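What follows is a group of structures, each given as structure tokens.
Each of the next two complexes has chain A plus one other chain: chain B in the first, chain C in the second.
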Partner chain A sequence: MTAPRLLHPGAWWLWAVGLAACALRTTNPVLLCLIIAVTGWVVVSRRTDVPWSRSFASFLRLGLIVIAVRLVFQILFGVRIPGTTLFSIPEVTLPSWAAGVSLGGPVTLESLMAALYQGLRLATVLACFGAATSLCSPYRMLRALPTVLYEAGVAVTVAFTFAPQAIVASRQVREARRLRGRSDRGFRAWSASALPVLEGALDRAVALAASMDSRGYGRRGGASVSQRRRSVGLVLAGLVAIAIGSYGLLDPGAPTMFRIPALAVGVAALVGSLAASGRSTERTRYRPDPWVKPEWIVSLAGLIALASFVLAGRISDALTPSTNPLEVPAVPLVAVVGLLVATLPSWFAPTPPTLATVSTSMAVAA
Partner chain B sequence: MFVIALAGLIVTTSARAEASSCSGPLSGGEIRVVIVVDATDFGGGSSATCLVVPTGTTGSQLLARRSAELGTGSVRYGSSGLLCAIDGMPATGCGDHNAGGFDYWGYFNAPSGSWAYGNINPFTRRVSDGDIEGWRYVRGGKGSAQDPPPRIAPSQSLFPVLAPNVPAVVEQPAVASGTASLSSSSTTIDVDRGATSDSPGVVSMATTTLEPVAFEGIALASSRASDPIIGRWFAIAAVFFLIAMMAGGAWIQTRRSR
Partner chain C sequence: MIRFEHVTITYPEAESPTLVDVSFEVPEGELCLVVGVTGSGKSTLLRAVNGLVPRFSGGVLAGSVIIDGKSTADLPPRDLADVVGVVGQDPAAGFVTDYVEDELAYAMENLGVAPEVMRRRVEDILDLLGLHEIRHRPLASLSGGQQQRVAIGAVLTAGPRVLVLDEPTSALDPAAAEEVLAALTRLVHDLGITVLIAEHRLERVVQYADRIVMVPGDGRPVIMGTPAEVFGQSSVAPPVVELGRLAGWSPLPLSVRDARRLAGPLRERLAEVELSAFRRTPSMVGEVIAVTDGLQASYGPVTALRGINLQFRAGEVVALMGRNGAGKSTLLNHLVGLREADSGTVRVMGAEPHRLSAHDVVRIAGLVPQDSGVLLYHDTVAAECSASDRDAGLVAGTTRSVLDQIVPDIKATAHPRDLSEGQRLGLALSIVLASEPPLLLLDEPTRGLDYGAKQRLVEVLGRLAAEGRAVVIATHDVEVVAAVADRCVVLAEGEVVSDGSARDVVIHSPVFAPQVAKVLAPLPLLTVREVELALAAAGDLPFS
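And then the complex of A and B:
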């Protein structure tokens, strides 16, 4: 048992992204439920005491809403997939220019199951994101980012801290409502607090970005204006290319052009930006997070799960069970084993320090 | 190949000789529609089938009716509602990438005597009397109106000539037994005069050439059916047992940490 410490946030993100990529490769409800269970289990065993570590439950709730919305949309506007009709809703005949859309009509079991599978997949991706958010500190993640991303300072800060800040803000808004003697449950409370929560979260993220800016984050020492412009342009182009490339990697149906080539172009642009800025700045890190054995185990666990899904997809078509005709989904053993490997972080990641352990170790040191 | 074509001709001739509702008079609420399926690019044949269906039948229902009439296996759809396979072609995959485009079943309507790319959802488009519907397996298509239409031209001569003096009483029992059985028979026309616009010289074959594929489809279906469903349920139960253990463990840990 190693001493309590925080795992490198990059390891948790790699693990979560690996599981999210698994979820994007399948519509098998059994596997999707297993992915959610794996993320939940690891989150509960390795989360910290900080406010945003409670965000996993919020993400699960958001996932339920996503599934419900997907089902309602399927019932109202979905493609009228033939099959076992459960019930019918009144049908509106649309004019010929909108003939690709259907409004109302018979609702079949097949169409509802297809919508459920797709909603569940999105909910699983949300659960993976929620797991990463609650397992590691967004501030440490910002610190661990490669220096080229500093150019996109505010955007990166908002992207990484918005979700955890929203969790913190929603707690405060609910507390405030309770102190004023209002209910903090139910739809009305929820709708009344939605705007303050979003506003508060964005404000906090932007304030964090501003304070980091004022402390020199994203500054490039003695670089000239033209050098800086060139490097910023390269960073932006590189980020766009990487976004396209990672989308292509995650979506098995994407054209080959949008996969490795786009990713390679993006990385090349980022490296080019480093070169363009002339490496004029020397940076030091204060107490950098180490990347040692537990970090390797956690990140590899996520990647092994992803590899098992790729393999399962090659072996059989059990990852995408047919909904028309409806069939009992088969469970590919390879994928299940891969997901069990993804639970390893709950034993091999070091336990995070709690307030209690921090005081004990300080007492020991004293 | 010649033998298959010959066999096709013979069987089709006998099918044509058979008196069918498509050449008989229509009762109320019935319409005659021809559906053309061109699987030549997949290695299948192309066929035109005349069907008598109830008014208000949609394009996809028509396709399902055709498969039922010909006994060629059910039409396969993807989870998004995209049509994947007609007559079991292709056996796997759905609108896959190929040569910069897609391999897919293109939907065509014939509003004015020539094929027009079907921009209307076949799930909602309702066919009317005398309509001709077309499906063509397109290889490397762009999914746009430039994709090639079925090789059989949508001419009204695809409809069999209405036989005079057929007593209308024949169809009455079928009407009584409900709309589903309204058209219990169909006519498949052997079209060897079909316009082969993009591959001249190809003699389009009658539906009988589909039979080997249909058998393959049935074999596939039966092999899937023999795949023990109980085993699948068992596997699902095992995974959900795992999930329950993790959820229970997580719940206990949460309780302990409070």
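And then the complex of A and C:
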């Protein structure tokens, strides 16, 4: 077993993004639950001691809310799918200009199941994001970001840290509520603390961005204005191409041009701009994160899972089980094997240093 | 090095500018202290030095701020990072990594410092600020003082020519504050760094300052000059200066050393007075309100409290002192039931607070946390008050009437964020007090308060104790302890190391003794007020 250290943030994010992409390719509830289980298992075995690491549970809770909201919307405004009617709510006849929007009417089991699957898919993506923030702090990810993205410094900082900051803020608000003597729980407590939590999280994110900026994050370095414009242009083009490519990969109906070729063009543009900007910026690393065997295993585990889902999609329709007529979802073996591979990080990733190991080493030193 | 030229700063939606036509210049290699009452715009001024105001705050800055020949209008803060290092008021909010070493290295990474140089500078700063023992720790596991030192270290590693610090010692215990200030003066003297500090606890920093910028805060022009010049006309002054004014010394002493040399006649005069009559008498001490019995607590593998046995009685004000990380806040959290003991018991009015519902806890124990603002999350003072009445099931208007007794004249429509530090503390305190808990706990209540606000807090706490409450304050502020505490408990490494009358504990400690006690030792007087009373009794005031 290797000495405790932190895995390269890129590896965890590749792994998590791979699993999230799996989730986006399927509505099969069995597979989605399996993905959540895999992320949960790895998080429990490899999370760190920093405050973010407890955010996974909060993301799961958020996922439950998403599912609930999706179901309520389906009941109230959803497209009517014929089938087994469970119950009926009064139908509102809308004026002709609102044709296509339905309000109320019979609620069928089929429509509810379809909404449930879709909600579950979103919840799974949230779980993957939660796993990434629990396993690797957003700060480390920010530091690993390529220099050219610093242009968008503040926006990137706020975007990356908002959710984790909200979780820290919510803990603080919970304590404050207790000190003020508020015992109410459930929805009322949740709705009353939502605003302070969001406010607090935004304040923190902006304070953080200010602090990063005043410590030189996103400095112009030695690059001239035209050099910078060129590299930023390349990055944007590359990102757009990658976005199209990933969309193409996720949507089985997309034209072939929008898949691997678009992705390849995007990666090439990014690499080109990184190489160009790498020469002109003077950024160095204190104890750089190595990219060695565990990093390869973790990132490949995520990508193999994704590949298995792509393959499973080719072989059968089991990734998108039918809800009309409703049938018991079949479980494609290939995808399950892929997800088993995705659990490898819980054995092969190094254990992170904990407060316990840090303090024992302190005790030894003392 | 730092030049403000006719700077006027107006925040968006503000009725009037925060700073009006501010012009001053700090030459290279000076330690310049910014003073003023709370809310006078000190933080705004400091944040304008590297352009965080207005770039991150919004608002309009008229005039110009020139740093090392560069205008902040042309360069964003990131391009000034190698010239100016800024440490904000809340160090934790400024952390951009998770571990101590990474935090120290962060600015150097952005500046492109060579890796070997980085390693060496990190080691230097670890030694300079005494951080080597915690170098591998997660930042979130550090105490407030440790965090503050890391935050200072994190900007120092970049080797800036100008260092801007907003209340750098407000969260530190006296010894740690001395350490930080000593490090700062060393930077000024050895490396010629220009330092701009805002600080309320003038007693800690005045002696190191070359120059003082006084921000009056009501639209009047800033006053700049040497400490003696400024304190001749300022309402804000440390105890040693107050004592000097009372005794009519000239030039005004700025340090205990200066004062002690002048204090000979005063000491002789006071020695003739029967002093015990003029000391603040401890209030009547009543029944036991709270007891801890063998209280043990830990955060993961780190033990925070090791077998604490304490009693808190009605009518006494207890000061909880000790180093940063000694377990003061943890003890308060246990007394209010935010945490559960590993072993041992906590009982407040016979009940175990962590087993009670929030609704019941507030009736027996109330805590005003370190950052009192976290208790406030409505958008007007009136809403805070009515929410507080509703939460605690009180008659409408109770909180407001408590508030009026503590800090009168707060506008009901004001946003809690727009209140001054002292008013905000008063509001948080009223919310906690509204349900009349017999045990009142305050964690670092004087942080960010100016002398006037502190004086009002001292009066309020004295009154609350006299009404029969047990008041416990965790604080590093020896002047406040001297002014209000009856009993002083000193914690170290989670254990009680001394517990006795506040006067005895602080007078016999070189670290905790307030300035007046140091100047007048061996006379057992702690505050300027006590000296005033004693002199009045001796029949000669003013004394010279």
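Simple rule for what comes next: the second predicted complex is superposed on the first by the 300 of 366 C-alpha atoms of A that agree within 3 Å, B and C clash if a C-alpha of one lies under 4 Å from a C-alpha of the other, contacts with A are read in each partner's own complex, and residues count from 1 in each chain.
In this text, contacts are C-beta pairs under 8 Å (C-beta built on N, C-alpha and C of every residue); 3 or more make two chains touch, one makes a residue touch a chain.
Worth saying up front: this structure is predicted, and the values here are computed from it rather than measured.
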Partner, of chain C and chain B, that touches more residues belonging to chain A: C
Chain B versus chain C as contact partner of A:Ala330, first or second or both or neither: first
A:Ser316 touches, of chain B and chain C: first, second, both or neither? neither
Contacts of A:Arg285 with chain B and chain C, given as first, second, both or neither: second
Contacts of A:Ala210 with chain B and chain C, given as first, second, both or neither: second
Chain A-touching residues of chain C, taken from the complex the two chains share: 50, 52, 55-56, 76-82, 84-86, 88, 90, 93-98, 101-102, 105-115, 118-119, 122, 133-134, 136-141, 154-155, 158, 299-302, 336-338, 357-359, 361-363, 366-367, 369, 374-375, 377, 387-388, 391-392, 431-432, 435
Footprint of chain C on chain A - complex, ascending: 48-52, 137, 139-140, 142-143, 153, 172-173, 175-183, 193, 195-196, 199, 204, 206-221, 281-287, 353-356, 358-362, 365-366
Touch list for chain B against partner chain A, complex: 58, 60-61, 64, 74, 76-81, 92, 97, 119-121, 123-125, 224, 227, 229, 232-233, 235-236, 238-240, 242-243, 246-247, 249-250, 253-254
Residues of chain A defined as touching chain B within the complex: 27, 30-31, 33-34, 37-38, 40-41, 43-45, 78-82, 94, 96, 99-102, 105, 110-111, 114, 117-118, 253, 255, 317, 320, 322-325, 327-331, 336, 340, 343
